[in-house]
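So, here's a batch of structures to check.
Presented sequentially are two complexes of chain A, the first with chain B as partner and the second with chain C.
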Partner chain A sequence: MTQATNSLPTSALPQSGASGKSGSGLQGSDGSVEVSGLTVSYTDSKKRKHTVLEDVSFSVPSGTFATVIGPSGSGKSTLLKILGGLYGAESGQVFIGGRQITQPNPDLVTIVFQDSCLLPWRTVLRNVALPLETAGVGRQEREDRAKAVLELVGLGDCMSRFPRELSGGMKQRVAIARGLVVEPSVLLMDEPFAALDEQTRYEMGEELLRLWDRLKSTVIFVTHNLSEAVFLADKVMVLEGRPASVGQTVDVVFSRPRDLGLMVTPEFHMLRDQLYTSLKRDRIRSSGTYSWSHQGNSEEGTQ
Partner chain B sequence: MSLKEPVHRAEDKEPSSSQDLERHTGAPWRSLSRAIAKKAIIALVFLAIWWVITGTRILPAFAVPGPLAVANATKSSLHEIFSQSLVTVERVVIAVAVIWFIGALCGILVGMNPRLWPLLGLGRALYAVPIVVVYPLLGVWFGVGATSKIVFGIISGILPMSLMSAAAVRSIDENVFLLFASLGVSRTTMFRRAVLPAALPGVISAMRLSGSLGLVSVVVGEMLLSGNGIGYWIANAGAQFEGPSLYEGIIVVLIFAVLMNSFVGFLERRIAVAYG
Partner chain C sequence: MTTTKSAYTHIQTGPTRKYTVMFQIVAVIVVIAAWYLLTISNLVTSDQVPGLGSTFSSIVQILSRPNTLHDLAVSSYELVAAFAIATIAGIGFGFLLGEYGRRRAGVRRVIEAGLGTALATPKFIFLPVLVLLIGAGYWEKVVYGLSDGIIIMTLSASAAAYTVGENERVLARSYKMSRFQFFWKIFVPSALLPVIEALRISMVLVISGVMLAEMYISNAGMGFLIFKAGTEYNVPLLVGAVIVVAALAVALNSLFQFFERSLGNWHS
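For the complex of A and B:
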């Protein structure tokens, strides 16, 4: 495996958002994720069962930045929905911070969706405050906390705009702010930068790392961009096969804080190429059932 | 010219946050008064054209009486046409209120429950039936009074209102539901915070269409079978070849339509601030 200097990021002071309330993401092992023997199937409209994930097991220690890669349709979004408690698994268990996940736990785990999914009828501020509102936090407090998070993602002066007045990158920032506002122990991110141009995508990644450095929650970040996966991660998990399971896990030990300069180093390329080779091998093995490119609505492979 | 324009637009678009807030609170009212002014101008132009046409006497005075003739007739019958209008207004208001509230409620409920979606097919089939044919039946059931007109108005308007509201709910982005589900909210919260606001633009378009259907149906009901109301006034004037009275009635109905349209337009502009 590729080597670099020290492995654990021990930088920066953890800053606990606007008010001292909750801050569950900061207490030791709270954000650990344990997944064992997870099998997930969908029943299609003809009542046929499709197993998407089979026997997926992994563990992510608290405070780790983990990325999940895999081709389109391999079940990455499905995995995140299970972790977020939105779907039930057929078998297997998910524990987050020692708690078994059977339903959404909005104060423990939050999800940033594949598209930003902002509510068009709410201002930026009220979009970000939404999770606090549904959690029953009082108006003044939720506005203060939402403002603080928006400052953190660099949108301090766009708070009274509506989503349609924002660029794609700004929308994703708002979505991230909404994910962070409750100070979750675990932040799940589903290809949050997929719709952005390459330059912006990596800049947002860099910014996300700075944020994470201050908040120190566990992040599970889904992407199908190899460079992004390696650049961000402490740990890269590869979903492969069909039905998919975690094939390969790679620890990425480049020092932190990282900047985009890392991406032009030979070590970075070696690691990236190694992952690419393993994914290509997987694709050849499951000949033609799915393609590497992202193709809109991923259709179920006929087989 | 071509150089200047983009610059202006860019400036217009730059929303500073304080300006923004102002725009959000002030705009609907200002645009309402602007809309009224615009309608007044249209009415004046219409009157002028009318006056010119009848002044030239190319059309018989009965078929198109001049504005002055209508105005004179109105002056002498002002009290009566006003009281007939009030009769109709009351019926229309009741019918349209029922259409809007009950129709929106039914539509949203059906839209939210996939198990009830087969009802939409049934509704669409029913909507294709020309409802006027059952009107005499309503007369038999409810008599010649207000009830048969109100019921007729409701029947004509409530189907499109429900169908369009249901469609508005069904077209809500799946992700919105996923987001709220991930926040662990109850069904009522989901309804109030997600479904209602997301469906609102569609519901308001439904109000526009079903409201005018309700109005038309009440007036038609009065024309067909009634002893009062503006529809009766029109039918009566037509039967007795009283040109000016006929025009008075038509103008009153036009005013109703414009008023209702303005109300829905006002609602539309109020929400446009947020929905774009």
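For the complex of A and C:
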């Protein structure tokens, strides 16, 4: 892990200020996610219609850590962007905390992208404060809140640095802090650790769990990595078929808090192998051959 | 996460920059030494290459003459007007072209190809036509001066706008940024570095254009002074005026390079 990042400080996120312009509040807010009958298509340059997701339905209770896995091109990132209100669906509905999502709603749901997407001309503090600035929160309040959340992710001493001065892991922490600063009910994470080396990736996962354990927001985490999916989740949703739909949902019942030692237990391996077999079967069913494309994960790629 | 390498790796910092400055200083010293050796040798006459001392005296004389100050002022007015118009119109049109080109790439390519052809065409050959069409006053020199600069600014601003990343756009959308917020918080800072670089190149082209216009369609300005000194075979005045204009161009170029370096550190 990168410097200054090994332990989480004890401070908690400050509550939204009097302006109340941003933040529905992590604690106690309803972060339940309900998706029903979601179908998504796109038209290519030759005017051919491709259906990516078909009749996707699932529900994630408030405060749950859910992961979404599936082969490349199965529409995991598309699903996440629809949950975030960035894309519209052809049919179906998304409700978060009982509110229908048809456009971005940063007070309620924020997205952490695979690319940390930090603005290189802004310091870490100003990057984290960006969503508050956009929402019109006053300077002092947004700085206080950005500082608090940076302390929370262990980057309290990096606030005045620029993104170029940070390691890959630290950049992702800043991106997570930026996602958390508006105190969303739901945090959507699109393969946020995919570009990190394996050790950093799992350490980041461990830190994310500690953070989530404190905040208890709903997290929906897209990944290619089966081990990561099982290690992090209460619930693993598998996107299967073409067009994809939620083929199976696996409840992960390992006790919390979890540490990386969990990953060497036979139960962990059994569950991971169960998911692997399921994906393999689906792949063979879909195309007649099997190939499992991994980004940044050589472990399962050899199987 | 993808690792993005800055497109502006030519902006020098650290030791490379130090060596470049040292090279520039050494180059100036070598030129002055060569000049001196040439003047004390029998290879050229003082009419062909004036001595260092007389050239320096000419520069002082040029800068203290009311007529020269008037010429400098005339050129400055023309340069400022030409540069300002090239910058404002070029950036505005370039940003619009780049943004529109995201949806209509074909239109952007056709317009940029046309501008590229216009840039490659030597505009000097059209100067007599310009004089016949619109005369030979202040604005004619400005128009001629800005003709290349505006094309460079448009092409660079278009490229800068076109390359504002999709990730940043999605990020802006996810935070529900207004168009105004997106423009000032993401678009302008993203595009700033290539635009500053284009400003530097545009400025050099504007200076060249205005000087050339003054040489042929003016009775005042530094370009006119250079032309007059050449036709009168007043070599010290000619060399002195050339050095004044060159020094002005180098100073402005260095200023823009300083901004580029500052922004390069900020961006990469």
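To be clear about the criterion, the second predicted complex is superposed on the first by the 260 of 303 C-alpha atoms of A that agree within 3 Å, B and C clash if a C-alpha of one lies under 4 Å from a C-alpha of the other, contacts with A are read in each partner's own complex, and residues count from 1 in each chain.
FYI, contacts are C-beta pairs under 8 Å (C-beta built on N, C-alpha and C of every residue); 3 or more make two chains touch, one makes a residue touch a chain.
Remember, it's a predicted structure, so these values are computed and weren't measured experimentally.
Superposition model on chain A: chain B and chain C are shown in a clashing arrangement. Once chain A of one complex is fitted onto chain A of the other, the partner contacts of A:G84 extend to both chain B and chain C. In the overlay built on the shared chain, the residue A:M159 is in contact with chain B alone; chain C does not reach it. With both structures placed on the common chain, the touch criterion links A:I111 to chain B and to chain C. Of the two partner chains, neither chain B nor chain C is touched by A:S36. Once the two complexes are overlaid on the shared chain, A:W121 sits against chain B and chain C alike. In the superposition on chain A, A:Q93 contacts neither chain B nor chain C. On chain A, the patch touched by chain B and the patch touched by chain C overlap at residues 81, 84-86, 103-106, 110-111, 113, 115, 117, 119-121, 130-131, 133-135, 162, 164. By the touch criterion given at the top, residues 1-3, 167-168, 170-171, 173-177, 181, 185-186, 189, 192, 266-268 of chain C touch chain A in their complex.
Looking at the complex, you find that chain A touches chain B at residues 81, 84-86, 103-106, 110-111, 113, 115, 117, 119-122, 130-131, 133-135, 157-162, 164-165.
Put simply, chain B touches chain A in their complex at residues 15, 17, 20-21, 173, 175-176, 178-185, 189, 193-194, 197-198, 200, 271, 274-276. Contact residues on chain A toward chain C in their complex (touch as defined above): 81, 84-86, 103-106, 110-111, 113-117, 119-121, 130-131, 133-135, 162, 164, 168, 171-172, 192, 194-196.
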